[in-house]
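Some structures are shown below for you to check.
Below, subunit A partners subunit B and then partners subunit C, in two separate complexes.
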Partner chain A sequence: MINSDTTILEKSAKHAATSTPVSLARRIGGLSDRAIAWLFITPTIALLLAINIFPLIWAIRLSFTNYRANRPNAVLENVGLQNYHRVLTDSDIWIAMQTTAHFVFWTILLQTLIGFSLAYLIDRKFRGHAFWTTVILIPMMLSPAVVGNFWRFLYQPQIGLFNYIVSYVTGVPPSSFEMLGSVSLAPWSIIIVDTWMWTPYVMLICLAGLRSIPDYIYEAAEVDRASAWRQFWSITIPMALPFIMLAVLFRGIENFKMFDMVMLLTGGGPGSTTEVASITLKREAFESWRTGRASAFAIILFVAVFGLANIYVKALNKVKQR
Partner chain B sequence: MAEVTLAGISKTFGQTGAVDNVSLTIRDGEFVVLLGPTGAGKTTTLRLIAGLEAPDAGRITIAGRDVAGAAPATRDVAFVFQQYSLYPHLTVYENLAFPLRSPARRLHDAEIDARVREVAKMVRIDHKLQNRSTRLSGGEMQRVAIGRALVRKPAIYLMDEPLSSLDAKLRAELRLELKRIQNELGATLLYVTHDQVEAMTMADRIGILAEGKLVQIGSPREIYSNPANLHVAARLGQPHINLLPQGLLPGCNAPAGTKTIGARTEHLEISASTPGNAEIDWIEHLGDQNHLHIKVGEHKLVTLADPYLAIQRGDRIDLKLRNPLYFDAGGQRLT
Partner chain C sequence: MSSATSAHSVVEPSATTKRIAGIIVVLYAVITMVPLAWIFMTSFKSPPDSISYPPKVVFTPTLEGYCNLFTTRTRQTPEYIQSLGPPQSICDEITRSRNMVIAGPSNYWPRFTNSMVIAFGSTFLAVFLGTLAAYGFSRFRVPLADDLMFFILSTRMMPPIAVAIPIYLMYRELGLSDTALGMILLYTAVNVSLAVWLLKGFIDEIPREYEEAAMIDGYTRLQAFRKVVLPQATTGIAATAIFCLIFAWNEYAFAVLLTSGSAQTSPPFIPTIIGEGGMDWPAVAAGTTIFLVPILVFTILLRKQLLRGITFGAVRK
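Presenting the complex of A and B:
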């Protein structure tokens, strides 16, 4: 088909004159596939630019200034890399980063181990496995705000169920320890809640992985005299690995920016023992109002997560291609 | 290698009877082919022997041992699955080595390596040993699947249509190769196919399965020339046996009760003559031979002919029967 643009326009004009649904269809048909594709994705791109890309660029710009959001009319001064220098040499921020890493490591480890084990059990297809899958998924469906408040009650030293159960099992008096108030226990109280809430999610992804392994592979292994142990390590794990890695990626990114649960449970305390990066960032931005420096911190976090995720996705692809 | 017996084996899945009262003995070192149309229960029979399904009734013994309730691993069988069943995350080499790496076998790496390479050469896959098993053509996967069975020396090899996705040339080569390997090892082998050429050329005995029943079992010759019924007769012979009503053609002395006459190429005598009782309807040239499509009144027949036979479309011929097969109204053979 050799159609110059003018003829297309003429045609569409003609069709517009005899305006019926058919003519509309023809007019769209007169556009090239490319043009139609652009027509469809333009709103999305515009929206993305407005709410994602533009703020990002704006934050990059602010990160090089001394801007303070509580004094919007003050004169903007370019300070070069000073904000970045301050962030990277601030020992508080490094401590917050370590706290975050600690959270990410333990939540991922626990969630992957427990999530995969649950998926492995559910995949045995015992009677009522569908029901139990649904039951296990409930925590994940709750709102973090509800979960946070709910666990604050459970962690109450005097009336909390958690302390009661721990004391019942170990024999220590329930009010002798305070999950949220003690420096050594507070980080674990958050890890426990996050694991309780998000293990089901990891389980779901692992379950999809286990279900993707066809039965006949196990049958072949069975005939080839592979023990259950060997089947697990040489078939189940390698074939479910891409899914497990995907779950780790999702949880890792999510927990790197963990905010709501920490805010609701401990608010970063006691002291700053549970102050993760996102809380420091929020303090910097909305309590100290050092918007420029907070922007610099946010950009550093973004680059770090983006870089790590990229390396990880490369590894994931390698595993998948095997 | 060992003798395997099935005695009165039955298996139903819900409403469908897959295997129905099958009794069969595969003697030590024997090559038995199960031949049957799709859905006849061939795969199910193999799976029952391997222990991947439990029979509803009947007994299976391997090397004299009743294997009821025994796990597949303890039955000492090797299985070539219809859908290949390679381990997708492993290389061809690792796939072939997998059965040998079983701790129960306690083989040294050097032994495993030698065995893997030897078998890879047998099934012509030695040039692709380091490929991922998912990066192979269907035919290559099938060869790996055969190889993975051959690395072992089990009581019995069970092979489910192992050559079905190879091209004709390779299939013919591997057919010979497989027969040679089986002879060399003295292997007991139960082989499933719906390709009659494979059955005729490889089998010591052929078992014909139809709708879960073992209709007839015997040497290829026996099955071919003495079919028990119409179904068996129709499974073998290329082109298909012609089924004609009694009395259509001259030259037979049918026993009483004959309803249908089965006539293969060797049962038909053609001589050019006018007016004759038949007409050449069509000739298919296959190269080394011709298929003659012949019309006798309402009926159509297909038979083989020498390509040099001076005969053309539209020619009148005289068609006579010579010792055809006779079947009664129920399809049973009459002699």
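Presenting the complex of A and C:
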């Protein structure tokens, strides 16, 4: 207290001494809060405008043309909505969307079931649970591309560890099935890797949900003689639900955009059985070089993700309010 | 006292429950670690051991994978190899035993260096910009703050390939294709959204009273920010930086489309490692192991902040 009083005195003395000459430092130091707020926020907004929004506007412009990035000097023609029409009526693109939907559905289902179960078990607080939780979390921190690449090794038909373990357990000869090469198994090989990698993510969020439930609610239920089963369905699940939803929405958005892991595992093959939307987009844009049409497809994907993101942020705020 | 104990035991799981839960979780953790352990083991195998059937769990460890990762080799006649002097290094010896000589360094190290330069550069920028913006949003009444925050977040939701099309064209015009600067700017833009969201959460937790007290003491707003808020936010800034670092380190989609040579990072490079006649799996495994070690270290350092990081600060413990 005394200390601060003296500093106030010092400050006013200093102020009196320096009030006449307005130095540059003082001018910056004395900026109004409003000026500081804008000074602090503007660089970030400017960077995002330059690297995200300007290119987005450029892409919108290109989506109405027949532009091809490998022929930059060709005459640019406006084709109106033709690109959008082509994309939305292209059966290949609809097949890619179905592949994406299949992938998103199964990965979310598996990850939510396994992730929630794991979180529930970890929340039993057995000895050493903190250590084992950290171990379980490791896969989700790794690079999806590098993960995809080394799973390709595990999936090798003759020499791969995965095939060996499956044949050891089931008795099927290890060279009789190809996880990445067969039309029926390839989608599942991707779902397995994604589940291996991202279950910890769902687990971690569910764990936070379970830990947010106060003990006294269970104690009250115990007093009312509610069975363990009843407690689980009427307390645990409803109270952890916003967290589960958050995990599901986030995984949904991420897997909707999935590119790197699938690219490294199957590259969309065999044929186009695992060709998810991002891979189709990459082929259109950087292999067929139909930049205009690819831009139209990209804009359509933007709108879809943006819609999901909107729902996501709303759910996020709901969780925050608790 | 006794009533408190019994009230507690209602929600405390029984010893049997705990034991069963523990066994299942440990089993899951062990199974989930098998692929990583296998990659680590493969990096110390010789190429024939790496593709043997049944897969070899017991093998003689060799550094051949690491040697092959860092070098390029050419095949030579045994007579020529005999005519050479004594081997210069362990790698020299291993290579010669395969009737080859080391021709020069491989591209792995330059790619690894690129990854470090780009990851650290973009992390520094993203955290720097993010801290300023987060402070701005946390402490001042910014018009349309919620919309701006949503805008910042939404830029991270965009599918990378969709963003890459116009970026590819823009970088081609500006001469930023395949440059470290281009990648640093791009990753900064992607990471700054995470940085703003996370850091806003951390700064929100620092009581305003601290700054107000400092300002009464004669600090200007900027001084209070530098000398009061920043030291308080150190943990949050460090955690945010590690998250940005991990993202930039792991990123593949932009890297594979926008870099091809001098600025290429490790993730697009590792899958291209091939040996003579098929994949050189030990070299790939060695490259993967070296690439993953920093991530393992960071994950352990970050374990308390992970939840916050992956939910953009929405969920805190």
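Going forward, the second predicted complex is superposed on the first by the 275 of 322 C-alpha atoms of A that agree within 3 Å, B and C clash if a C-alpha of one lies under 4 Å from a C-alpha of the other, contacts with A are read in each partner's own complex, and residues count from 1 in each chain.
Here is the rule we go by: a contact is a pair of C-beta atoms (placed from the backbone, for glycine too) under 8 Å apart; a residue touches a chain by one contact, two chains touch by 3 or more.
Here the structure is a predicted model, which is why all the values come from computation and not from measurement.
In the superposition on chain A, contact is made by A:A285 with subunit C only, not with subunit B. In the superposition on chain A, A:M245 makes contact with neither subunit B nor subunit C.
Contacts of A:R225 after superposition: subunit B is touched, whereas subunit C is not reached.
Set side by side, subunit B and subunit C differ in how many residues of subunit A they touch, and the one touching more is C.
Residue contacts after overlaying the shared chain place A:V202 against neither subunit B nor subunit C. Touch criterion not met for A:I191: it reaches neither subunit B nor subunit C. Touch criterion not met for A:V262: it reaches neither subunit B nor subunit C. In the superposed model, A:K125 lies in contact with subunit C only, and not with subunit B.
For the contact definition in use here, the residues of subunit A common to its subunit B contact set and its subunit C contact set are 219, 222. For subunit B in complex with subunit A, the residues that touch the partner chain are 50, 52, 71-73, 77-79, 81, 83, 85-89, 98-99, 102-105, 132, 148, 152. In the complex of the two chains, the subunit A residues touching subunit B come out as 216-217, 219-227, 230, 234-235, 238-239, 322. Subunit C meets subunit A in the complex at residues 7-8, 10-11, 13, 17-19, 21-22, 24-26, 28-29, 32-36, 38-39, 42, 50-55, 129-130, 132-133, 135-137, 139-142, 148, 150-155, 157-170, 172, 185-186, 188-189, 192-193, 196, 213, 216-218, 220-223, 246, 249-253, 256-257, 266-268, 270-271, 279, 281, 284-285, 288, 291-292, 295-296, 298-300, 303, 306-307, 310-312, 314-315, 317.
Those residues of subunit A whose C-beta lies close enough to touch subunit C in the complex are 4, 7-8, 10-11, 14, 28-31, 33-34, 36-41, 43-45, 47-48, 50-56, 58-59, 62, 69, 118, 121-122, 124-129, 132-146, 149-151, 153-154, 156, 158-161, 164, 174, 196, 200-201, 204-205, 207-208, 211, 215, 218-219, 222, 243, 246, 250, 253, 256-257, 259-260, 263-264, 277-278, 281-282, 285-286, 291, 294-295, 298-299, 301-302, 305-306, 308-309, 312-313, 316, 319-320.
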